[in-house]
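What follows is a pair of complexes built around chain A, which joins chain B in one and chain C in the other.
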Partner chain A sequence: MTDNNKSHNLEKFSYDNTIVKWFAYATIVWGIVGMTAGLLAALQLVFPVLNLDLPYTSYGRVRPIHTNAVIFAFVGNGIFMGVYYSLQRLLKARMFSDFLSKVHFWGWQLIIVLAAVTLVLGKTTGKEYAELEWPIDILIALIWVVFGWNMFGTILKRRERHLYVAIWFYIATFVTVAMLHIVNSIEIPVSFWKSYSWYAGVQDALVQWWYGHNAVAFFLTTPYLGIMYYFVPKAVNRPVYSYRLSIIHFWALIFIYIWAGPHHLLYTATPDWAQSLGVVFSVMLIAPSWGGMINGLLTLRGAWDRVRDEVVLKFFVVAVTAYGMATFEGPMLSLKNVNAISHFTDWTIAHVHVGALGWNGFLTFGVLYWLIPRLFQTKLYSQKLASMHFWIGTLGIVLYAVPLYWAGIMQSLMWKDFTPEGQLRWQFMDTVTKMMPFYAARAVGGTLYLVGTVMMAYNLVKTIKAGSFVANEEAEAAALSTTYVAHEKDHWHRAIERRPVQLMILSLVVVAIGGIIEFIPAFLVKSNIPTISSVKPYTPLELQGRDIYLREGCYTCHSQMVRPFRSETARYGEYSKAGEFVYDHPFQWGSKRTGPDLARIGGKYPDSWHFNHMQDPTSMTENSKMPAYPWLLEDQVDVSSTVGKIKAMQKLGVPYPEGYADIAAADMEKQARVIAASLQNDGITIEADREIIALIAYLQRLGKDIKGEKKETAEK
Partner chain B sequence: MKFINYLASITGIGAYPLVSLFIFLLFFIAVGVFVFKGRKEYFKYLEELPLSNND
Partner chain C sequence: MKSANKHKLSALIAALVLPGLSLAQDSTAAPAPSAFSNALFNTLLVTSLVLLVVIIALSQVLKNIATSDRLIRNAKKSSTPTKTALVIFLLGLASQMQAATAPVANDSIGGMNQFTFYFMVAVIGIEAMVLGLLILTMNKLLREELTHEASEAAAAGKQVSAMPSMLDKLNASVSLEQESEIMLDHDYDGIKELDNDLPPWWKYGFYLTILVAVIYITNYHIIGTGDLQTAEYKKEMKAAELAVAEFMKNSANMVDENTVKMLEKSDIDAGGQIFLASCAACHGRAGEGGVGPNLTDDYWVHGGKLADIFKSIKYGWIEKGMKSWKEDFSPMQIAQLTSYIKSIKGTNPANAKAPQGDLFTEEGAAPADSTAVKTDSLQLKTDTLKAVSPAVEQR
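Coming up: the complex of A and B.
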């Protein structure tokens, strides 16, 4: 085209393939690690002995390791692999700085290693998908900026005036993830590896799921769509089906996605208008999502005859189809009546894995099979093995998802089942026992998927061995002229896409609107969260107990949110109110009920029940699948941290009396001795300074305040 | 305390979803109009960008 300045002084330069290779290796290695952790967690649900009675290998810690590893390590490195390869070629320029590329790569791997170590050790914020503690949060922000800097540097020195649609997806990813990460990670440090969320209760929940949902949107979706828009046309060797569609789909997607977060909080104690917003926008989301899927599939259709022979295309077809399925299901799950059934069950887990295994996994595999032979100037070692990987992986996805859909719906219906006399028909434990064959089948599906991934690793290693790596790929292109001659009938959008910085700002504005409209009312209007006079701050011992609850990841299996359904109030007690959570930094509503809700557990059982149950759950509940926590009986509560914790809470506005921090330790000891004495009464001898005492204090507190309020009003 | 009390306690809160939808609609229409006014050769050029490197 004329405006691309076809002057004839071509510049010679080279593409940096080394950085692409490193990210490719990292995504393979971390993919296997993360999936193995997932498989372990899946097996632990069936065979609790696999928790090994050790803190480090207990489900509540393994599960966050799995989620963090597959999202931020497997997909994260996959994103960077795709971006670093395609960006250079689309812009006809080497990455801005090899040094920044290296800092980015090693910084990201450092974050992953730190994450793994701290999560194993139980250092966690207790917020799902944002578990990493504040020093790592800061490191993530820094490395993210390095990535952005490197990307924008490259964009600025590009030799191609126009930014292809994939690059907008990368830019939107960069700005939005930065915003989400920073807003959600605002926390007040207590010590180097401990902090409290700045937000409490309802607000924390709104921020967390705004973040959580958009992590799906802007970490697992938009960068991968960018990758799809580059690698799918590349692999089929024809342009994307409709470029116009890609523009509409891009803007609609980023605009709508940002609002959808509250669909994770339907029927909870969040304001009604926020829930309605979440539902409306989630349903609308189907349109731009399917815009992307249709564009992907129709691009592939141009090479339908080749799909049978080319394994890369097979992976792409399933990936895009899985994206379509997951994004159809997502809006359905956001409908209130469907959500009433699906929420807190394995249905959600199945839904997520269709996206994760199908869309992210298969797209990554397809790109790897396409890319590695090219980087090494050779042919794939074995097409047959790759084809086997495809089939075993697809079978793995089906075997993973189908049993969980079934199990999730079945369990939910059992939870809601009443006898004709109006009694709940099933004990919670009955529903857990019913899950076991399904959980076992899911683990088989996961195993197949993992085996496929290992086969790919072998295939690629063999390919690499046979090839010779091109570290710097020579290329040439004309430099951009400094003056841009506009077209007569200039198009607004081309004006934007010539200006990457404006494009970034516009994307930021678009995504910020959603966030702002969602949060401002929740934060400014106090009446939004009415206080309940009987709700008091946690005692120091309960606070310590709560931190143990966070550390052990109890929230990965237990909710603390009774929804206003008869089936839930009959099982657990009064439904949860927003005012109950005003001192909860962070909130612990959870998202999955592998075990029963604990919002009303206080006073349900004697202290000794909890003691025995934590030491060995099966001693209290036959066939329980909950891990045992024997170390809580040995380890002492870290009393020295109490002062700092109370002070931090005071800074966050929790109304402990002034100077309370100094006497908190004494209060703590007093309360602990009462619990130790009550245990003694039941024949259990234990020191009052043990962690189990603090945890019991916390559990016995849950839901007590509301019960207190009822008594007060009754007495009046 | 009733659930509905604090859900409805912001005055005019019902307008929020409406306003948001409206903002989105305007934006969406704007994008739509401009995209379909765009010229064919231009999109053709953009489409070809990933394919222009031979590797």
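Coming up: the complex of A and C.
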């Protein structure tokens, strides 16, 4: 029926398995590295001593290493492994260029290593999941283009007329990730490892969470759906359940996903209309997401008895089920009344880990167990060990998620608890202390999961040793004829499936709509961000302090966003307004409150409190779990960078007076002296040029400007 | 079948538009609180909508069963769309009614007037009945079909399990035995594709979420009947203020800077506990000072009278890094703290911070150069002064 069934003019070619093997190895190695970093971070929350009092190993740097490693290194390599294996076979063609494949592989590993090194050294943009600095951003864009070029080259020389659903997902992944990465990474370089986000405050938040949310959508979801669509029917040897469902859920998913970003910003200073769009598009996302789950699970119809025996299928079933659970939970968390409870708590962490450990992790493991024996023409070394991996991994997920769900809800309710007299019932620290048993249980869950992964690595190494690798797998198929006559009763969508370029352009249009409609008003309509006249740019010293705040990853535990709830205004002060953040390049609202909100920390404590607290947090807050930052007392602020920073800010439209950059250093010194003197008053002797002074200056500024406005109006 | 679908579509549109219309009347007529801000009404509305979708989905399944080639019978399929439409109409009517009768506030149930409440409950009741009927009918049909299949299978000599068949019906899938009929001629590296229909529950669930989205945006942004976050915050604060005022009326917790007195030993101890937990970080565990001033000497930055100390704790001195504690501690707790701080005066702890502020003397007391005397007189005061309230103990 299809063209390639014609037995004449068969072409011989071979599939490139080497590149698949490399990506598979990288997936395993980086998986273990990324999970170990995660485990370290989890343990640091229980035992702060594990921060080792070193900058390189403190939580604020370890956590971005963990997230970047598991997302871009573990899942990233997993994507490429799955794509390079399935794409060649679905198109009946070898990859377009072995050279590009190699450039892609080594380029991506270089990015990962650079990322690890720079993050350890504190080179970061301070934007969650987009922490990498501008030279790496450019490298990512280039390598991503190499990937797309290689993929499209292969598509264009294919021997299969129509593109299978997996490839639609790969194409959507390629165009959308490119768009997200480029738009979100627009930043102005100050030096080789320092840049400022082009956007500020509310706009930066909108762009960042449009990116962050869709990194989940188009890096953790769509490519993995494509992988599911190839490996599940292959492993179970059953037809895909519903072609029609594939079409509808594909287009609906990529269209709707893009809009849902603002659900990360509910009850913040983001305009109400944007928040509401985030809510409703999240709700509408349930069915398109579940379409993927249904199509995955129902493909197993008639083969359920085999799930008992085949470990690969077990992993697939749990992965797809976890996907269904996480994509139902996501929309629920996007409802404002649920989000009011869940946001900033560990509920979110539990949610993402059901997705990451369940969906991405287990699907990757299933693919590896299926793929490696095939690449090495042998049987899996031990089915039993793989089965143990499955159970220990599943137990790990449960032990990870359940304590965090419990703890997250508990902490949120404690934050919101008032006595009948109208006072907050719990100090923030009380709620942190209550979290400890749950954090410990979570670390146990994470350990189990990691142990399972190591077991898999051992099992696969043994398999590889026993087998013989086929670098070039022989295949044959007929070339496509130059003319094609469509079948009359073909589904209309077939026409798109045989036009890859149009498919790519169409999917780009579909994914661009949501972002454009949300951004344009937020950038052009002034009323969305009402200005506050008393909000002024940071002083040079505060700016340097802010960069230290970014470098140390303070945003990984502290939010700067007081939401309009009684429980928050009572604890932190007036709720945050959009106009307060207009000079924040990048915004630092955060997404998690492991420690208290800092939006109004300015003036709350004396300078000496901050000094003692940074040197040893437990000296000011008993049982504090915050790392100590002793190096801030030793290291000097890099004064020479001030000129460049002020000039960069001026370019971004921050209204420093003309020529201010030249006198900024003097201003900086003056302000530093005042703080040093105030510390001296409390019996602390420290040089004025130390980083701690700059950080104190920044912290003491936070949230104060709006109070100036009140005074102004009172005077009037 | 086509016309029935059209009927359903128009009914859906009607259900979508009618509540909107009634709300429009609502918003123009009076600033009376919209029914949509009533949690009970919303719950009932959502329940009825969800039931409605389940009914539509089930009727679809029923249709599939009824029209399956093995079982051609004059089933009750024609009646279901009519019923559905009727329910939708009633639902629309209900919201109309609720709009018309909104101003009557006397005999309300959960903030809704009685008529609306009973009407909504009745609608849900009817929906539940329809649903029950549907399930009964479906069960009956399925059982007949299963026995039929079983006898056929028995004739063919193989086992048929009942569960997958039920699942297939729910998803409107073509059975495994017949799937070759819907196998498409796609073949991608050996992967084939079936052309199963969209599962009805999925399809109607999708429609429902779109409906919810339209209602949501309409409610909050087009007719503006829902509270956006600033309005919501104001309401929350107002309600809290009222609740606290109500509580305070009957509480002996009322103490402020004008009425604060030195408290008894038990209260001083309670104050000491609070001090260790929340104040010691800055003022030292013995009040010797550190980040904050020494609290045991005779020098005070903001006054050393009971009332002054009470005020300093309650309102804070933000510019000097002393935060306001009034959101953290009740007035009674602040009074306990105040008494405790008074009680540690002159204790001369180790590592005491140098004096800050002005020399302070109690009115009528001797000039402050003899701390011993002062301690005594304070002790005396502690014993003689009555507690404001023994009712509020430390939590």
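Throughout what follows, the second predicted complex is superposed on the first by the 705 of 716 C-alpha atoms of A that agree within 3 Å, B and C clash if a C-alpha of one lies under 4 Å from a C-alpha of the other, contacts with A are read in each partner's own complex, and residues count from 1 in each chain.
The rule is simple: a contact is a pair of C-beta atoms (placed from the backbone, for glycine too) under 8 Å apart; a residue touches a chain by one contact, two chains touch by 3 or more.
As the structure is a prediction and not an experimental result, all values here were calculated from the model.
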Which of chain B and chain C A:513 touches, first, second, both or neither: first
Which superposed partner A:499 touches (first chain B, second chain C, both, neither): neither
Touched partner set for A:379, first chain B, second chain C, both or neither: neither
Which superposed partner A:578 touches (first chain B, second chain C, both, neither): first
Partner chain in contact with A:532 - chain B first, chain C second, else both or neither: first
Chain B versus chain C as contact partner of A:421, first or second or both or neither: second
Chain B versus chain C as contact partner of A:670, first or second or both or neither: neither
Partner chain(s) touched by A:465 [first = chain B, second = chain C, both, neither]: neither
Doubly contacted residues of chain A, that is, touched by chain B and again by chain C: 1, 86, 89-90, 92, 160, 162, 164, 230, 233-234, 239-240, 243-244, 248, 252, 272-273, 276, 280-281, 284, 564, 575
Residue numbers on chain A that touch chain C, as the complex places them: 1-2, 86, 89-90, 92, 160, 162, 164, 230, 233-234, 239-246, 248, 252, 267, 272-273, 275-276, 279-281, 283-284, 286-288, 290-291, 294, 298, 301-302, 336, 418-425, 427, 487, 564-566, 569-571, 575, 603-609, 612, 619-622, 682-683
Of all residues in chain A, those that touch chain B in their complex: 1, 86, 89-90, 92, 160, 162, 164-166, 229-230, 233-234, 237-240, 243-244, 247-248, 251-252, 255-256, 259, 271-273, 276-277, 280-281, 284, 374, 473, 475, 489, 491-494, 510, 513-514, 517, 521, 525, 527-530, 532, 564, 575, 577-579
Partner chain A, residues of chain B touching it in the complex: 1, 3-10, 13-14, 16-17, 19-21, 23-24, 27-28, 31-32, 34-39, 41-43, 45-51, 53, 55
For the chain C and chain A complex, residues of the former touching the latter: 164, 171, 173, 176, 179, 183-199, 202-203, 205-206, 209-210, 212-213, 216-217, 220-221, 228-230, 232-233, 236-237, 240, 243-244, 247-248, 251, 253, 277-278, 281-282, 290-292, 318-321, 323, 326-333, 353, 395
